[in-house]
Amino acid sequence: MLNGERKIPRPLRWAIIGGGSLSQVGYKHRSGALRDNTAFQLVASAFDIDAVRGRQFGVNLGLAPARCYDNYQQLLEEEAKREDGVEVVTVATPNGTHYEITRAALTAGIHVICEKPLFFTTAEAREIKALAEQKGLIVGVTYGFSGHPLLMQMRAMIAKGDIGEVRMVELQYTHGFSANESADKFSEAQKWRVDPKIAGPSFVLGDIATHTFYISQLVLPDLPIKTLLCDRQSFIPSRAPLEDNAMVLMHYQGGAVGRMWASSINAGSMDSQSIRVIGSRASLEWSDYNPGELKYEVQGQPNQILHHGMPYLDESALADERLGALHTEGLAESWANIYLKFAIAISASQRGDRQTLETLIYPDINAGLEGVRWIENCVRSADNGATWVTYE
Amino acid sequence: MLNGERKIPRPLRWAIIGGGSLSQVGYKHRSGALRDNTAFQLVASAFDIDAVRGRQFGVNLGLAPARCYDNYQQLLEEEAKREDGVEVVTVATPNGTHYEITRAALTAGIHVICEKPLFFTTAEAREIKALAEQKGLIVGVTYGFSGHPLLMQMRAMIAKGDIGEVRMVELQYTHGFSANESADKFSEAQKWRVDPKIAGPSFVLGDIATHTFYISQLVLPDLPIKTLLCDRQSFIPSRAPLEDNAMVLMHYQGGAVGRMWASSINAGSMDSQSIRVIGSRASLEWSDYNPGELKYEVQGQPNQILHHGMPYLDESALADERLGALHTEGLAESWANIYLKFAIAISASQRGDRQTLETLIYPDINAGLEGVRWIENCVRSADNGATWVTYE
Amino acid sequence: MLNGERKIPRPLRWAIIGGGSLSQVGYKHRSGALRDNTAFQLVASAFDIDAVRGRQFGVNLGLAPARCYDNYQQLLEEEAKREDGVEVVTVATPNGTHYEITRAALTAGIHVICEKPLFFTTAEAREIKALAEQKGLIVGVTYGFSGHPLLMQMRAMIAKGDIGEVRMVELQYTHGFSANESADKFSEAQKWRVDPKIAGPSFVLGDIATHTFYISQLVLPDLPIKTLLCDRQSFIPSRAPLEDNAMVLMHYQGGAVGRMWASSINAGSMDSQSIRVIGSRASLEWSDYNPGELKYEVQGQPNQILHHGMPYLDESALADERLGALHTEGLAESWANIYLKFAIAISASQRGDRQTLETLIYPDINAGLEGVRWIENCVRSADNGATWVTYE
Amino acid sequence: MLNGERKIPRPLRWAIIGGGSLSQVGYKHRSGALRDNTAFQLVASAFDIDAVRGRQFGVNLGLAPARCYDNYQQLLEEEAKREDGVEVVTVATPNGTHYEITRAALTAGIHVICEKPLFFTTAEAREIKALAEQKGLIVGVTYGFSGHPLLMQMRAMIAKGDIGEVRMVELQYTHGFSANESADKFSEAQKWRVDPKIAGPSFVLGDIATHTFYISQLVLPDLPIKTLLCDRQSFIPSRAPLEDNAMVLMHYQGGAVGRMWASSINAGSMDSQSIRVIGSRASLEWSDYNPGELKYEVQGQPNQILHHGMPYLDESALADERLGALHTEGLAESWANIYLKFAIAISASQRGDRQTLETLIYPDINAGLEGVRWIENCVRSADNGATWVTYE
């Protein structure tokens, strides 16, 4: 169980690029990183494309004015001059800038934590992966809800054979907040998401479905995709070619099949993501709408509901628990868990602790690369008439 | 509201073929037809392939021994000789005999109520449709749960534009009762369902998904399919070529899309069928697991739950209500509603009441034909490598 | 599993008094009794205080006009003259007439099935009990939902010790349909319920809470009440002294405690009745809102949900199953189960089958008497300033 | 919406007494206070009765070793000598020490945030209230979940008359974690709770029910209790006279009634607290098990579910939102909201900002006093044979 005690020798000096006062996601990064003040310390920022607004925001958060920078270039340049310069930077900008900022930060010798989808292409992701390895630096990807303890439980139960042989993976991340066009026009935080130049080759596949895809990889680490078919729509025509709805079919190596439904036009729905893994003996199901429950349904037996924080859970799940059974945990705890693992990885990297680096489970550069790869395959299928493509 | 008062001048003389003591579905037919004793009167039977067992069962249900026949041929022959012979017969036998029994009954001038899937091919369905029209006889199809009042509510709300323009139709009928092979081997009622000679070209598509497909047609009467893709699996290899899991994608005329997931290997699941229709303004969702609730989710407003039997519902929904709000209705009420409509149609046919025949909404021969057609298209797609096919 | 096959040698000749075309409950009686036509046969009626309307209703249900009587006196008199006169009569009239009709029917040698609350006083109930015993006749009481198979499961599990020692019984039957006064004024079926001369000494305690109280006795047959406190309110003043809301506390023999909340002013609530029994090891919970599920919660283990119709249930629960797992059962099945047991009891009584009479579990005269007794104690406490009273 | 920006000129210098490494609640205080580092800064501690363990824990949380004190006396003494001494201290020790520590801190001129139940007696609470007023200091009470935005929504809707006149308040805080005796014996965090010398005059009434009682006062600020009856049990005999189960009935001024059920022996239950307020027109219901939903049930209309973070909510609810609709919030956000309000109150007190102090809604000394008062009345009733007592 986590209670804020330090897991690394000292907090890391951390900066954030993007995620300013108009951002929806910036607060999730700060909440996650600074949960206990024992993993990260926020020391610098380049919060906003509007430099004045960004500086003011930094000051309002308690940052030293001198370290509230106008842009990421300035941040990297000035911090490089300091003895106590930043060690790790979070990239919470629109997708189109992830690649260049990440490359610049790594080149400057700084660890990176980056929003999803990581980049536009797998070529970029592979290049950055090579760069990070060469530099000995960590790249973490903020698949936010993937830090929930019950996903570790799901992973452990599947690994132990509790559901038998995996037959089907049912994935969904849908909501209705883009059911009409107005959001695209008036919300700064929304507008760029449907502009291919800034968002990249997809809207909902990258914006939301990559979260759930990563969760499927987290709980099913040994289930590679063989072929895939993606059928995508732009119900708001101005969004084309970017999709606001996508239906994906997957064939995994070994015979299992899968589905993903990603949508931002699921009108009226507050449900967000869910995963159901069906085995030959039982199924496991989890949704971030009610994240403290894990359904375990053994064919022919009473259905079971496992609750977070309970002693009967796997030790890997209990290790990431924060509040304990009875006390609803949510998104913020998951982000805090991920950020803590980023800190552990970075600290291990700094101290040359190979063993930690090899065993720690967290969304790393490979997870980011796999997300980009999945989108790339989906888009290739969709653009080819929603036909089956071999997973490349 | 229905309270058992007669809706037709006198109960129809009714026989049942199949649906005997080992059948799972026979009791649903009898419960539905005989709910109030004002629509049907059970007067004859050929319950079982084992004639002795069938006769005994008929006697146990209170039938006159002389009218408990050995087989359907005898039933049709002997009843034809009587002044008070049967007017309508239910066919509740395995799929492979639906066509020949229906044809024989119609030829004998008897109305038919038949289990789904109606026949093996649309060619058969079209032939029977022509025969029924020529004879002026009704053919009803027992899509059991489609009689639920809240589906009439869903239909009315969509027609009134309450959800805006339809964008997506999400369908599911899954359970886990065939997750392993044993059911196929030991249960008489299950064994034939995976034998193509008796079950026809599909297992779960015809056995369960046609129910939900009909419900989608009931609530969306003006949404024809344009193209379709079906990916089916036989997770228990001995079931091949029949599928125990199928994932279907659909493109409707006008741009809407749809999905269907049919499965009997969804281990541990008791959920059966559900339908969610997503419009540009709101969504409607119903599941037969909790059939008394209809979810109405308008984007940007509090989610609503409509309950059966409440005065705010459409009159078409209230007309089919039996128990009233507060009192859980289930499958049996839905069957009773369908059977009542069969009786009304048959009586209208007998009395030459064209207006009733033209306005009554119930699963008729066209609904049966459309079910067979949908399966045929699904199988064609699946057998062609799960590729898109034009809906024929 | 029940499939309609006869459980008694022949259907009983049955009449109904009350429950006519304006009644909410009449249809539930007819649905229950006539579910399979192998337990009861409706042969006579006195449906309505408006004799013409009552006769017409009987005809519309298919009764012979000659046996549609003007009132219960006429019914008893005329049927007594027939060889094939009624053997059992259902009393579905307002409470105030239960006693006189029941007494008259028993005196005429006819078995009785009566609505709850049985009578106004335990003195009446004891007198009728003695009369029935003297005559060798059955008196059944229609606690409608108590026929649900999962209640037999609850009873069996508690008896087997699955929850340990019983500590608390939490009971609730509430709805909001009388939240305002209008229902009392305009609905015939509602008006008399708040008139003490017709309804008796209570409104919601007798009208709804006796259902749940009987269910508690059904699943906990060995838990007598020691003392009780009832606090009741008339939020619509014109209902006073009858209550539209009541809160009861109970102390059972042996140290367990209990609560009941009965209300018809729980605005907006569709939930009706629920029971939770808490033991030293686990709890069991059932609600008629979702009657196919039984929650079994063992402290320190994953919560379990048991579903009706599943092979893992106790044989006593499976014996009363009708539709099978997957297929939602509701109120109608429960009524059918109760009525079937009435028929079995009556037939056993006719044939002198003592063993059946001694082992059959159903709401008999004692159950009716206990309901009246509970109300009597509640009212005594309430009228004494909501103080504790010794259970008499 | 809250995003971490400072709401007060600078973070307050904060210390914590109790809540060390073995505590269940200490982490909730730290998470709440330090959520954004703009409200509080943890500068000193006396974490543990075991001074060595307490110091080590402080160091592990990043505190300066010199300010990790052995006990609260030392903390107050040493911090008083510093220019930058603590301004506010949290008391997270067992109940029996709340009074003396709070008095000592206030006497030392330090604001206090204290765990519930505040003290053993209202006399103590009144004395401390007077002391705080005399000193011009704030006393906050950590009713943890009361900071949830949807409770502000509930308060606003009731105030606006959305449910009509209040008729009944249904309260519950129950779980099963003390269903057997073992917890009392082996868990340090649990053992003292059933010892009257340390816990005070009650177990579950003070330990959990005061949370829900405060929530009822928060959403119903103008509903004073007139009379009350409490029936309490000690199912584990060694806990006597302290109760592990309590059932309370309440009569409010003006005719409304209420119930509370508090239990730690509700075996198998993970549900914790819920509140339902029933009005003449509609009901509102909230539970911390699924805290992002608020049920709004208008009699005769479809039931509504309101979700946190949605634009249709009252501005008072949206003001306290942190993560936004779609993103599950839980206990941690509620604690953060309360702690933020403590900081705002303390800062206002320091700056002489009367207006803020008069309008800010948060659990203050009065809320703490009312909790103690409610327990006192409950215990008086229970010890008087579970009889009605006038609320004093």
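By letter and in written order, the chains are A, B, C and D; residue numbering begins at 1 in each of them.
Note that a contact is a pair of C-beta atoms (placed from the backbone, for glycine too) under 8 Å apart; a residue touches a chain by one contact, two chains touch by 3 or more.
For reference, the UniProt names are A, B, C, D = Gfo/Idh/MocA family protein.
If you're wondering where the values come from, they're calculated on a predicted model, not measured in any experiment.
Undergrad: Among the other chains, which touch chain A and chain B together?
TA: Touching chain A as well as chain B, we find C, D.
Undergrad: Tell me which chain's centre, taken as the mean of its C-alpha atoms, is farthest from chain B.
TA: Looking at centroid distances, D is the chain farthest away.
Undergrad: Express in whole angstrom the distance between the two chain centres, defined as the mean CA positions of chain A and chain C.
TA: The computed centroid separation for chain A versus chain C comes out at 56 Å.
Undergrad: If you average the CA atoms of chain C and of chain D, how far apart do the two points sit, in angstrom?
TA: The separation of the two C-alpha centroids amounts to 44 Å.
Undergrad: Taking each chain's centre as the mean position of its Cα atoms, how many Å separate chain A from chain D?
TA: A distance of 34 Å separates the two centres.
Undergrad: Going by the touch rule set out above, which residues of chain D reach two or more other chains?
TA: 177, 270, 296, 301, 303, 307
Undergrad: Help me check something: in the complex, which residues belonging to chain A touch chain C?
TA: Checking each residue of chain A against chain C gives 296, 300-307, 310-312.
Undergrad: Can you list the chain A residues touching chain B in their complex?
TA: Touch list, chain A to chain B: 163-164, 167-168, 170, 176-177, 179-180, 229, 231, 233, 235, 245, 247, 249, 255, 257, 259, 261, 263, 265-270, 278-283, 296-299, 301, 303, 385-388.
Undergrad: Give every residue of chain A touching chain D within the complex, in rising order.
TA: Those in contact with chain D are residues 2-6, 11, 21, 24, 26-28, 30-31, 34-38, 42, 57, 60-62, 175, 177, 270, 272, 288-291, 307, 322-333.
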